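Every chain is named by a letter (A, B, C and D) in the order it is written, and numbering of its residues begins at 1.
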Amino acid sequence: MKLTTFVAAACIAALGGAAFAEDGALKVGMITTLSGGGAGLGIDTRDGFLLAAKLAGGDKLDIVVEDDQRKPDIAVQLADKMIQSEKVDILTGIVWSNLAMAVVPAATAQGKFYLSTNAAPSALAGKGCHQNYFSVSYQNDNLHEAAGAYVKDAGYSKPFILAPNYPAGQDSLTGFKRLYGGELSGEVYTQLGQTDYAAEIAQIRASDADSIFFFLPGGMGISFLKQYADSGLELPVVGPAFSFDQGILQAVGDAALGVINTSQWNKDIDNPANARFVEEFQAEYGRLPSLYAAQGYDTANLLLSAMDSADISDADAFRAALKSADFDSVRGDFAFAANNHPIQDIYVREVIKEGDVYTNKIVGVALEDHANVYVDECKM
Amino acid sequence: MTDPVLVTKGLTKSFGAVRASHDVSLDLRPGEIHAVIGPNGAGKSTLIAQICGGLKPDAGRVSFAGRDVTHLPTRARARLGLARTFQVSALAMEDTVLQNATLGALGAKGARAGLPGLLGDALAAGDLRDTAMSALERVGLAEHAATVTSALSHGQRRQLEVAVALTLRPRAFIMDEPMAGMGTEGSQRMTAFLDGLRDEAPILLVEHDMDAVFALADRLSVLVYGRIIATGSVDEIRANAEVRKAYLGEDA
Amino acid sequence: MTPLLFIEQVLNGLQFGVMLFLMAAGLTLVFGVMGLINLAHGSLYMVGAFAAAAVAGWSGSFLLALVAALAASAAAGAIVELTVIRRLYDRDHLDQVLATFALILIFSEGTRWLFGSFPLFLDIPDWLSGPVTLPGGIEYPLYRLAIIAVGLSIATGLFWLIARTRLGIRIRAGESDREMIAALGVDISRLYTIVFALGAALAGLAGAMVGAIQSVQVGMGEPVLILAFVVIVIGGIGSIKGALVGALLVGLTDTLGGLLLPEAFKLFMETSDATATGSALASMLIYILMAVVLVWRPRGLFGGAT
Amino acid sequence: MSRERMVNAALMALLLGVPLWAWATDEPFTITLATRVAILALAGVGLNIALGLGGLVSLGHAAFFGIGGYAMGILASHAQSYTPLMESPFLLEGTKSMPVIWLVAILASALAALVIGALSLRTSGVYFIMITLAFGQMLYFFSISWPAYGGEDGLSIYLRNGFPGLNTLDPIQFFALCFGCLAAALWFNARLVRSPFGLALNAARQSPERVETVGLGTFRLRLVAFVISGAITGLAGALFADLNRFVSPGMFSWQMSGEIMVFVILGGVGRLYGPVAGAALFITLEHVLGGISPFWHVWLGFLLLLVVLFARGGVIGLLAGRRVAHD
């Protein structure tokens, strides 16, 4: 089956309210953002996930995809629907931490498995961890921690750091400081959704900063980078992968060139699984895969690997199978820490231009076999 | 002679360069109908608005029932017993005639109770309904009690205006053209009705219908360009040279 | 904080204010002349930005992109006025709010349908990029100076248009007495279409100019729309002068508030708490400003009695 | 029985019947949808008192919806983590009991409505629309950037709060609770319309100067209406939070205010059961259109336009015809 028709079938099934239940297929409910702001991330997540399902033969997973419109209450409603009327076994796909916080605790409390393709807030990694909740992407702090480690290793001594004033933003700066550990030249919280950073750039100019770390997901990052590039300031900029991902990079343009960012994946990681993923994704969709696509792809493969060794009806066995993480991750080595979050390498990437397309190349490793600081708080 | 119920002293109000009221002083005594007449644009509506509280005068004072009310809002003056009818009907057009009359009754009661009740039926039999119905009966609208106000003729709306004023059991009426839009017969009935009403409370009457004015008024004030040029009995006004000049353009 | 930083921030506030003015001018004109409250004004801003990004991507010329933004948003404005808006003039504000809310839905998702879910690319042209050194040694981006210049000249142009031209006389007449100018033989419905398209074009221009330094994406118009409403309400609805004063006030309050409040809190709080609290308060500041202005002057700073 | 009454009765029968049928056929999600309709309709009933009866176009009712939601979120999260809300000057514990939460939600949103109303009602017309919007935005930004209760992430409550004698986790029982609240609010609203207060408020919408000249204060009438309206919408917020077992700043967003207004208008402004019809239609459309196209908002937009331009009485107006006089 060609993937497009497969997607169409999955969608029709989802929309018609009655998914096709093939024998032995595991029923997966994917809640992700397909409309409104941020839809690009959800679309990539879905496409990566569906690609893996297709490559595995297409009949093992029975996938219901629904759009959460990036609204927590819609996400909760969809989760209710998938659990109550679609009778799914597994939930996955949520991009945003606040939506995950709305859906995950209730879903796991009802005995369902949740595999995170992206969002992994600290609240679900520490005291709020759950044996049925697995984050296949990272723990939210990881990329910021890696950036902190990179800044320290690169010998910068006065970074200026900024993030939006909301929990993920606060976690970000905390994560950065955790592994950087040195002196800051400034620390600023911006408004969520802010589009003009002239004031912050002026503050940076007036400070004695020798580098900049920022976490500004989505359109905020695009705005910041464009305005920074135009300011004449030439301090090195470091950030987590989100503002430099494949989907968003084309809108930033030259302003992003040379920027260092941290990511647990890149398309040039040298392993057979990754090479196949990048090739198949381009063949199927005609564009380069993004981090979100890679995370979706890995999540589906993890799920498929668990199905090979256990049946979902035996929850304990299935959980153990998931936890063994016996699959070929596009990231190379991959294992779960005690709190079901990944232990993995986190890379340093640089934005480059390949022909007409802006993309990243790996220039180093920031952290090796990195887990997260919440492991000890988690009592399962 | 008893003290006047309503007194204005030196009311002055300008809109930009236009002086709508200029040093207007008049009074309304118990038991009388005091008519204010004047050509269009003389400032009659502005005067009423200042008396009733819709407009603040630039200078001058209004006192009512022995109190200085210049700085009181409309509703406080109403609670003191000042009842007004509007030239352009200000009724709740989507509501029935009875509902409009009940509103007045409610206002009169609200003077004591503060806020109207949240529960209970406004139109159920009781004080409110009795007050409203008797006012409607007096103006001859009782059989239209259930009619939606917007379906009334202009004349009937005037009657309803008067009925709402009646429900307040006021100490003085301020009536802005209560005969407007009425036919001859309607005017005559209204004239007869107002004639009897003066014993209940005095009326400050602004009216264009000169037959009615001359039939009713104990005293007349003539307002021209915001200024009262004469006050007196009907005969005195008829004979007044300035009035003749203002109305007829005759040289004195 | 150094005086230089402060001056730079004032310039930033000014630039932000000028952008808001372009948005607010159309809104306030449309309200003043037609009595219409238009929530879809932000969508016209978005149309301008998307048109500019599309044309810049195709032609490579920024000026051509600006022209396209003006044309596209004016056209979108005119079409919307002819098909929907003109049915709303004699409706109450409630209907207007609802109908234009519906237009937002149509514009936003329609744009996403056409252009996809990813942000578009629009960049500053080379001849406007980079900083210039101002007297006193302030390095300031040339492009932002250009925005200030364009905004202020458009403000001047608007004042001239309203005060001196035939169209302006009609607009002013339309504000005070609709029946009168209709009776004088002015084609009132054409006047309305022109005013609406003019307001739309200004919004589109703002969208295109801002798009070059921000992100061109669906939904970019709504935050700006809300700010523009704050501006015209503070200034007094219907007053162009009020819109200008309100825009600068909001621009400066927002920019300087974000800078000064955290600093102020640092005087008596721990640094990170001060930053968080200060930022929280700063994000509410312009709404507090608006509420204070309205409580003090219920019709805004320059609002007449309507 | 007038035609509007028949439409209303049919509407309530449908809202009650569909989930019962879904319960019988084991379709719990349909019950969840119906619960959503009941709760959003309740929010609309609240707004309708200000909007339909009082003529107060508030574009900031999400403020009260959100306050109700956070009343639930804050109380339940403290109960969930066994930490008191406040230790001095006196000990205040969180709670998982719905009646207590409802009371707090109603009181808190009424208090907020009193403050917001007292300031906003000094203005009128567009200024009123905008100042209520401003207050909503203020709370929105505050809730995002205030870290204590989750900020942008919101608050997740793992288990639905309890109600004496009921198992609230059972969809049909929770639906019954919400339906009961809606019915009570509708009953109260109907009484209010007929009451002396309703008469005066209704008149103040049509002719404020008339109300002033009979000695009643329009400001006070409107303020009381605004407070009642805010309190009911606040209760709906608390229920909504319990339905989702989650609260977030999204409940404060101006789009939420807009949606509540859409329910009222879709159903028919000032119609007692308008919000019920509006919310039911909206949720059904969301469910059906959302299934047909990811761009369903476009179609919703067109539908709304059509209703505003051509069907001014909303759904109830279409079904029941033009309004006739009372009595």
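What we mean here is this: a residue touches a chain if its C-beta (ideal position, glycine included) is under 8 Å from a C-beta of that chain, and two chains touch if they have at least 3 such contacts.
Remember, predicted model here, so these are calculated numbers, not experimental data.
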### Message
Hopping along touching chains only, can you work out the least number of steps from subunit B to subunit C?
### Response
2
### Query
Where the contacts of subunit A and subunit C overlap, which chains show up?
D
### Task
Identify the chain pair with more contacting C-beta pairs: A-D or C-D.
C-D
### Chain whose average C-alpha position is farthest from subunit A's own
B
### Message
Distance between subunit A and subunit B based on Cα centroids, please, to the nearest Å.
### Response
74
### Summary
Whole-Å distance, C-alpha centre of subunit A to that of subunit D, is 36
## Note on the structure
Note: subunit D sits from subunit C at a C-alpha centroid distance in Å of 32
### Query
Whole-Å distance, subunit B centre to subunit D centre, using C-alpha means?
43
### Task
At least two other chains touched by the same residue of subunit D: list those residues.
141, 144-145, 147, 295, 297
## Note on the structure
Flagged in subunit B as touching 2+ other chains are none
## Note on the structure
Multi-partner residues in subunit C (2 or more other chains touched) are 108-109, 112, 276, 279-280, 283
### Interchain pairs in contact, sorted by label
A-C, A-D, B-D, C-D
#### Entry: Residues of subunit A that touch subunit D when the two form their complex
15-17, 34-35, 67, 71-73, 76-77, 80-81, 84-85, 97-98, 101-102, 104-106, 109, 121, 123, 165-168, 170, 189, 191-192
### Message
For the complex, give me every residue of subunit D touching subunit B.
### Response
191-192, 194-200, 202-203, 206-207, 209-217, 220-221, 224, 228, 325-327
### Query
In their complex, what parts of subunit C are in touch with subunit D?
31, 37, 84, 87, 91, 93-95, 97-99, 101-106, 108-110, 112-113, 226, 229-230, 233, 237, 276, 279-280, 283-284, 287-288, 290-291, 294-295, 298-300, 303, 306
### Query
Of all residues in subunit A, which touch subunit C in the complex?
35-37, 39-40, 43, 165, 170, 187-191, 193, 195-196, 198-199, 202-203, 205-206, 218-220, 222-223, 226-227, 230-232, 247-248, 250-255
### Message
If we count contacts the way the header does, which residues on subunit D are in touch with subunit A in the complex?
### Response
27-30, 32-33, 36, 141, 144-145, 147, 150-154, 156, 158-159, 171, 240, 244-246, 248, 250-251, 290-292, 294-295, 297
